[in-house]
Amino acid sequence: MGSKIRVTIWNEFVHERGNDKMGEWIRGIYPEGIHGCLAKALAADDLEIRTATLDMPEQGLPAEVLDNTDVLLWWGHCAHAQVDDALVDRIQERVLHGMGLIVLHSGHMSKIFRRMMGTSCRLHWREAGERERVWTVDPFHPIAQGVPESFAIPHTEMYGERFDIPQDGHIVFLSWYEGGNVFRSGVAFQRDAGHIFYFSPGHETYPIYHDPNVQRVIGNAVRWAAPANGILPGRVTRQRDSLEPITTRDPMAQLDTSELHKAL
Amino acid sequence: MGSKIRVTIWNEFVHERGNDKMGEWIRGIYPEGIHGCLAKALAADDLEIRTATLDMPEQGLPAEVLDNTDVLLWWGHCAHAQVDDALVDRIQERVLHGMGLIVLHSGHMSKIFRRMMGTSCRLHWREAGERERVWTVDPFHPIAQGVPESFAIPHTEMYGERFDIPQDGHIVFLSWYEGGNVFRSGVAFQRDAGHIFYFSPGHETYPIYHDPNVQRVIGNAVRWAAPANGILPGRVTRQRDSLEPITTRDPMAQLDTSELHKAL
Amino acid sequence: MGSKIRVTIWNEFVHERGNDKMGEWIRGIYPEGIHGCLAKALAADDLEIRTATLDMPEQGLPAEVLDNTDVLLWWGHCAHAQVDDALVDRIQERVLHGMGLIVLHSGHMSKIFRRMMGTSCRLHWREAGERERVWTVDPFHPIAQGVPESFAIPHTEMYGERFDIPQDGHIVFLSWYEGGNVFRSGVAFQRDAGHIFYFSPGHETYPIYHDPNVQRVIGNAVRWAAPANGILPGRVTRQRDSLEPITTRDPMAQLDTSELHKAL
Amino acid sequence: MGSKIRVTIWNEFVHERGNDKMGEWIRGIYPEGIHGCLAKALAADDLEIRTATLDMPEQGLPAEVLDNTDVLLWWGHCAHAQVDDALVDRIQERVLHGMGLIVLHSGHMSKIFRRMMGTSCRLHWREAGERERVWTVDPFHPIAQGVPESFAIPHTEMYGERFDIPQDGHIVFLSWYEGGNVFRSGVAFQRDAGHIFYFSPGHETYPIYHDPNVQRVIGNAVRWAAPANGILPGRVTRQRDSLEPITTRDPMAQLDTSELHKAL
């Protein structure tokens, strides 16, 4: 990692180009796409930001991009199934070696998030344009710095519990919805060397990514998820020699297993 | 779930049939295969046990077997790559709906365990026939009932930290090795409705599955992992109607999005 | 532990005896005290229930009561400070050896809960008689069995986040409040051998303990918190002899430290 | 917090002044006391270090010291009982508001550590001058930066599992002992705003605090535990006004409870 955090904002970029009234509506809110909105919102001296979309060669994430990304933001919804499994493998490998991953809103059902979690990542949902109130449950977490104790999002899609994620998610934010639901809306994980943050506010049909609190959270998450020590090399796991003396006599020693061991 | 817990012990069953001195050695220890040894060891009135191996039709786990399994034990090592991805998908789906999963020894690198964890599950390892001492770190856990505070395994393969697993693993056992390593050797997880237990003692070239303490741990784990409420049906996640009144006026209401909503 | 779970329901029993309109109101709801209401609600063949109140000798919990309690329920509010510190010490010791502890509503600020948590246990609160909706966030937990996915409490005191508790609380229930707040309303902990469950629904001025869902949760919690293996004896922690041979020569051996060691 | 982290190293300072051969031995290793050794070892431009001992006025921690401490290190052993309960109250209050706390070795039984944990903090122990090997279990944690994957301590007092601490301790280090024991030797906690780190290596009769790896761990822990946002003011927890409109009619409204509410 150089002196700047290298951020890649990935967006499936489908809804914003819809050929109907809904597409028009969304373009009215995100004329440069959700990725374009986020790139502008996050612009800062310590970040080197690029965007990538599903329609680009190698789905926007060829090796030279992925290998030069410290933190990857992921926005996807209706095109989850189109993402190549081999790309998901490569992203997972990068995260496990230290690349940060910020999963946004409907990305909860993306292949990469479900891969990292191992769970179904299911939840309740409802589109009614209702009001959401986001509560900062761990005000001491780096991702919560400068974020008020609670803030309102005037119109949103509801995401509600039961949210099927592992239990080591560190809950930074909890959301309240007008229609009576609650949700773990900001949750932080560590997987091997990688930091992962899921943040639910951000539906495509509302201007949620223009909200300064939402932008603040995502910006904090980028800094929190950046790998402290760069991306790690692959780790060799065979430890042939013991660190302390072994005096036990291995009953297997009578067999010549050298061929076997060479293969391992 | 009927009155008995339906247990399926799966074994890749490759090492035990090796056509060389090593195979002979292993057959000397597990003449009926590791699955056969475990089936005998676990036999009890409250369990209905069957075994399955990789060489069977549909790799031993056709739908009628998997759908009638409450707890699946998994032993694999050199044939991890041969397990079909589609089977891994089906097992994961079952676990998330409540089927217990007990992953044994080298199963830490199996496709199904890595799928459930989301991590690399790497560790250090060494074959030197050294001594292992297993410590009960949470004596209050159901899996530790009747297990002594510590017990020795005279000869084992060493598995050592750093073990790349998620941090919500409830540590029931920690292991000490003669050669200077330590390991989280018994770790319990919950993923959606499913209970998962990883237990490292159990190398194919040593009679570890004949050890009464090891058998006790695995037997306890089977009861702990059995689904309390049966396997759940798939959960419908759309919550169209709110539980509390929504008075906010959705700005989207001016669009006719009924077509979109039908599709979701 | 005998064949029945021995339950002691402790109540400071102050509000119910108030000499004013408020006391009258509360008596209208809980004529036999909150402890009396709970004792009736929990009555079952597998439970042996007694009640205890602050005004009784030794504050209702002399050694013979505490030593014969498997699960202690705690309701307190305005008299927290009157509970003897020495009694808190004894309760803590019992919990660490396996006695279950169910802390109800305003018990979040009780000496015993704060002692077990080590944190301030502060929260936001508001008395407005507003509506609460309780969500089952872990439907697979024993405490949630038979409890609906969500249920409403028509009038309640609001308890809201940030709730200052340790992060290993297993969240079973989350609450939504009409006034815009959210709360971890049902949280399970383990401390040494003891199981602890905090459950917030249950204000003295509303008939919340008459609610069948609330009663169900508390009844489930009693069974979950009952010590599986009885109350443990004190554990001797000195391990004078090593389990594996020590060949290192202790440089201290030149000193005669036998006097020191005797004292330890 | 100013630009430097203000560190106070507290030591009961009893063993080092023993009037016998043992005292002589210890003075040979720590001529300026354990606190003096640590103060020298930690000296750095970003730290402002002072030391405090039990024999000083107000046990070394009067308000003006505690109020100007960002991170407190605690070494105690035979004089735990002499520490004033009121001082423990004040330290706990400071930690909950953000002061870091580093608890060293036998401090596991100190009043302040047990207060913060809520558990008994018991463990197995043995003085045999045996060899310890410390394993870095989370190499990605800030406290592990620059610390090797494992390092040996030639002579130590054994501290072994079962260690009675809460389960949300983030395990950074695990120790192996020649005599066959294992131990969670470096564990990180958060309690309200405060970061707490327990680190077991460091017995008074061996020169463990002269070990560069041990010093590195403690130095890292000081930076990790320093409050990111300064010490917080007390938080007012009453939230009289709701954030969202409450339309439910409180049945209590018929009572004039203004007197009651004033008192709260």
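Annotations
Just so it is clear, A, B, C and D label the chains in written order, and each chain counts residues from 1 on its own.
Just so we're on the same page, a contact is a pair of C-beta atoms (placed from the backbone, for glycine too) under 8 Å apart; a residue touches a chain by one contact, two chains touch by 3 or more.
Source: prediction; values computed, not measured.
Touching subunit A and subunit C together: B, D.
Seen from the Cα centre of subunit C, the chain whose own Cα centre is farthest off is A.
Across B-C and B-D, it is B-D that has more C-beta pairs touching. Annotation: 33 Å between the Cα-based centres of subunit B and subunit C.
With centres taken as mean Cα positions, subunit B sits 27 Å from subunit A. Between the Cα centres of subunit B and subunit D there is a gap of 37 Å. Subunit B has residues 131, 133, 139, 150, 160, 167, 176-178, 180-181, 190, 192, 243-244 in contact with two or more other chains. In the complex of the two chains, the subunit C residues touching subunit A come out as 133, 135-139, 149-150, 160-163, 167, 170, 174-177, 180-182. Residues 98, 131, 133, 139-140, 142, 145, 150, 152, 176, 178, 190, 192-193, 228-229, 243-244 of subunit C touch subunit B in their complex. The touching residues of subunit B, when paired with subunit A in their complex, are 21-22, 25, 92, 96, 115-120, 122-131, 154-155, 158, 160, 164, 166-168, 177-181, 189-192, 205-206, 235, 237-253, 255-257, 260-261.
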